[in-house]
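Each of the next two complexes has subunit A plus one other chain: subunit B in the first, subunit C in the second.
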Partner chain A sequence: MDRQIPIIDIQHLTRRFNGKAALDDVTIQFPRGHVFGIVGENGAGKTTLIKHILGLYRAQQGSVSVFGMDPVRRPKEVLSRIGYLSEQPDFPEWMTIAQFMNYMGAFYAKWDASYAAKLVEEVNVDPHKKIGELSKGQQARVGLCAAQAHRPELLVLDEPSSGLDPVARNEILAAVIRTVVEDGRSVLLSSHLLDEVQQVCDHLLFFSQGKVLLSESMEAVLEKHYQISVRISAPLAWQALPGVFKATQDGTEWQLFCFADIAQLTNLLKQQGAQILDQRRLSLNEAFLARSPQRHILSEVA
Partner chain B sequence: MYRAPVAALTAELFGKNRWAIIGTTLIPPLAWFAGKAYLGKLPIAPVGAATPISLLILMGCALQFALIFAYVDLTAGSKSGGFPKHILLLPAPTWLLALVPIAAGASFTSGFVLLWLYYVSGVHFNWAQQLIIAAAITSLMCWLQAMSWELLPSRAMRIVLLTVMAIVAVLSVVSLLANESENLFGRTWGAVGLAVTAITGLGLAYLAVIRARRGDTLDFYDHVRRILFSSGRWSRQTRSPALANGVAAQNWYEWRVYGRVLPTCMTILGAGPLASVAFARIRHSPSFVLPALLLFLFFVIAPLVGGAYVSKNLTRRVQLGLFGATRPLSDTEIAFAKLRLAVKSYLVSFAILLAVVVVFVLGSSNNAALVSLWSRLAVWQGVTGSYLSLLLLLIVVTATSWAAGAYFMSLQLFAESVDRKKHGWKISLGVTALFFLLLDIGGRLYRSRASALEWLQSPHYELLIVPVLLLGMGLCLLPRFQSLDTLRTLNRPASSVGAGAALCLIAVWQLNLAFGYQWALSWLVVTVALLTLIPYLLMPVLVGMNRHR
Partner chain C sequence: MRSIHLNLHLSQSSGVPPYLQIVSQVKQLIASGRLSVDQELPAIRVLAEKLLINPNTVARAYRELEAAGWLYTKRGAGSFVAAGTTSFSAETCRRQIKERVRSLLTEAGHMNISTKDLIKLIREMDDAASKGE
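What follows is the complex of A and B.
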């Protein structure tokens, strides 16, 4: 495989439903060998993006390329290299687990039957049970086995942990890590469980209202998000400050939320006559709340 | 003591299903009045007699009543039946939970069947005979309830057992009702058969509800499986087939999910006529009503459940869920898996049906009517022409079935494209109004048939222009599939198949008048081939469009 070609290349992708933009001029590139986390509020466009990557949506504007191919024109070639698990998998409930793995294995040339059997054994369910007889968590874990057993180059997990207990969530995280340690493989994880994303992802995409607000390495996201408290008597043109994306005012005191080089920013503030009262690094959860348009609701709940 | 739980159960039963009950109750009288008003003017069998159509309505309504009062129905999709499962949580004795739905279903269905027999078919039974019929219906309700709870490992086995019990019950009733001189089995055996079906059905239904209420249905299921299938020959382990590749896997999947429904339907429907062959009195008075009814049913059911593409949710015939859409297959491979399923399902069903009809005709020991029909055809067309005509008839029937399938598909797609909560009642009213309008137009056309036939006796070549225009329109629409809203766009070409079929048949008529038999025959073959192929050709397009929206 050509490691120079990005595993996913999305250029100016726009998708509208009934006139409303679910994705608005999205341009992203995913290099190989990384774990990408997509976070965003409900309806931000995460699943729509994933459906474009899987070829289930045709690009209305812009282009989508996966492994250097159009997933709509060449679904067989693209999907055979992807492992996919959705939030609500609609697996055939009448199949037994053994039948399901047998059925899934037929599609993939690289299907490793012994690896599949080992994965199913780890789930600790009778392989002769029907899928419909399994709990939601067990179904997700079986689905994950099927998504991994052909050692896909790209593992796509769309909100896989929703409604699952901590044990099942750990299984999924373990699967992600297992996939990553193998050479050259990538994971795309969409989730609203930020601790989960922080734990396994090395690159983060903030999505909001169909737009990419931030695409950075996890390290940068955690190191460069700050909340700074300043006091200043003169008016503060915070929009002009580099990296400041939100500010709240209480008299002469300001709370600034930024994604920036903190030393450079504080120097700039001091030059404008501001007194730095406090500065602290934001957790991923706080950064998400600060960036989300629905932050006020979330903050109240929190 | 039991007033409160019975009231709660009744409220659950009738609250949820009131419209289904009212609708099912009203369909027969409405159909009867409609028949009186319109069909009664035509010189066909008098309305009110037990015609195949009236029998069909009777069977459909009785089945609907039975399913309304069942916990889980036996449809392909295994959707929840009319009686909600959460009722098992009500603070009521278990025997009430088992008996109330059975009693309600049995009384409604029995009352309906007896009233129908009395008022529509004019068959009069005394009280004892009515009780025998009600007992048979009650025993079938018991078996329906019992089979709803997975007492046997596969749905096919449950359906087969239910069918066997239905046959036993029907044979028992007939044995009890028939005159002694005409009776094949005798009244004693009839009484034994009825008692056995009723008692075993009731016991199994009660046992099934006990198990389900305790929440150990699955354990019980495994237990039964171990006892019945301990040899391992039937165990699930042996059922995973060797699948060479993705295409083979998809073919297997499609057949397992959708393909067996139509053949199963045909087997069940065919079991009735075959059972009736067993009666001596049928040998003395051969009737072609049942095979005719079977053929009629097949052509009605086939496009809906098997001819095009069958699914528990019929609108999914052309849609793909996430699971289906993410299989690593090309669109063409998925489409071919669906087409292969459709063809196989259709052919197997047709073979079953033909076998049933052949057995029935041979078993009736009287095929004079068929021989007579064949002789008349041979005199008219010659022997080769007769075979050719039969072949053409089969092709026409297939094409009509496919065209009807495409038409129903378009209706479903149309329904998917509108907000049914908002506009559903308007559509229902519109469809009802359209139905009556068509009936009225049909009546008017029939009354003016003499002048219409006179007009049609002379060739009108301009009629050929319309199919050509339709074809052109279809070709113009194809490139727009990419940009227009899928569902609305599809509605147009799919609906035009029906219109095209009608116009092409007019063209056949005209060609026959103008140039003779051979030209008409050629055009008929071309038309029928096109009509048969159009849905096939549409399928890859439909799959592609629904997979990549």
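What follows is the complex of A and C.
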């Protein structure tokens, strides 16, 4: 495979539903061998983006390329190299696990039946049980086996952990890590469980209202998000400070939320006469809450 | 020497990047003598699968440790504990523990747990731990 071509290349993608933009001029490139986390509030455009990658939606404006191909025009070539699990998988409930794996195997030329059997064995359920008789967690784990047994170059997981027990959630994380330790394989994980995203992803895409708000390495996300408490008697034009995206004021004390080079920013603040009271790193969860537009309203009420 | 299991605990809520947590915990293990010179650390992918974290995070931690002289790598072999890294003196160990005890005492005080009860609790936990082994 050609390592130079990005695994996913999306250019200026815009998608409207009833005139409302679900995706608004989105441009992203995913190189191979990484785990991409997509986060964003409900309705931010995460699933719409994934449906474009799978070729389920045609690009209205802009372009989508997966493995260097248009997934709408060449669905067979693209989908044969992708493993996919969604939040509410539509499994045939009347099939047994064994029948279901056989059925899925028929779609993929590269299906590895012995690997599939090994994965199913780890789920620890009788393979003659019907899919409909399984718990939600077990169904997700079986779905995950089916998504991995052809050793896809790209594993796409859309909110896979929603409503699952810790065992099933850990199984999903293990699958992500397994995929990426094998050279050149990649994962796209959309989730609102930010601890998990922080744990396994090395690149973060933050969506809000159809736009890419932030696309950075996870390292940068964790190292550059800070909350700084300052005291300043003069008015503070915080919008002009580099990297500060939110500020709250209580008298002469300010809380600044930023994504910035912290040393540079605190120097700048000192030059303006501010006294630095405290500075601390934000976890991904805290950074997400500080950045989410909806949460501002909630925090003002509280 | 054989590579060993690294008993690391990562917290996702602390705001400290996971690679830094690995770096400081491995340093602790080396400095306290739990990891000895020339001992092999787990392979990056092995540790990543065990901790369920991105292998790049582990690789970054190993790189930092190597750059700071705590580890050395043999091409194609793995990462090993370097010689000459200062292990903590008995005095340093004592000082570190004292700091931990001080914060424990403060916390217990806030929760109205007497020092006597705290000592009793420590004994009980120690007994349970030694029985468990």
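The working rule: the second predicted complex is superposed on the first by the 295 of 302 C-alpha atoms of A that agree within 3 Å, B and C clash if a C-alpha of one lies under 4 Å from a C-alpha of the other, contacts with A are read in each partner's own complex, and residues count from 1 in each chain.
Heads up, the rule we're going with is that a residue touches a chain if its C-beta (ideal position, glycine included) is under 8 Å from a C-beta of that chain, and two chains touch if they have at least 3 such contacts.
The structure presented is a predicted model; accordingly, all values stated were derived computationally and were not measured.
Colleague: Sharing subunit A, do subunit B and subunit C clash or fit in the superposition?
Modeller: The answer is fit.
Colleague: Check whether A:91 is in contact with subunit B, with subunit C, with both or with neither, and answer first, second, both or neither.
Modeller: first
Colleague: Should A:198 be classified as contacting the first partner (subunit B), the second (subunit C), both, or neither?
Modeller: second
Colleague: Have a look at where A:216 lands relative to subunit B and subunit C in the superposition and call it first, second, both or neither.
Modeller: Neither partner.
Colleague: Just to be sure I read the superposition right, which of the two partners does A:9 touch: subunit B = first, subunit C = second, or both, or neither?
Modeller: Neither partner.
Colleague: After superposition on the shared chain, which partner residues are touched by A:112: those of subunit B (first), subunit C (second), both, or neither?
Modeller: Neither subunit B nor subunit C is touched by A:112.
Colleague: Once both structures are aligned on chain A, how many angstrom separate the closest C-alpha atoms of subunit B and subunit C?
Modeller: The answer for the closest subunit B-subunit C C-alpha pair is 27 Å.
Colleague: Quick check: in the complex, which residue numbers of subunit C touch subunit A?
Modeller: Per the stated touch rule, the residues are 10, 12-19, 45, 48-49, 52-57, 60.
Colleague: Can you list the residues on subunit A that touch subunit B in the complex?
Modeller: 54-58, 72, 75-76, 78-80, 82, 84, 86, 89-92, 94, 96, 98-99, 102-108, 128, 133
Colleague: Please name which positions on subunit A make contact with subunit C in the complex.
Modeller: Result: residues 34-35, 170, 173-174, 177-178, 180-181, 195, 198-202, 218-219, 222-223, 280-286 of subunit A touch subunit C.
Colleague: Help me check something: in the complex, which residues belonging to subunit B touch subunit A?
Modeller: Listed in rising order, the residues are 218, 235-237, 239-241, 243-246, 248-249, 252-253, 256-257, 321-323, 325-331, 333, 547-549.
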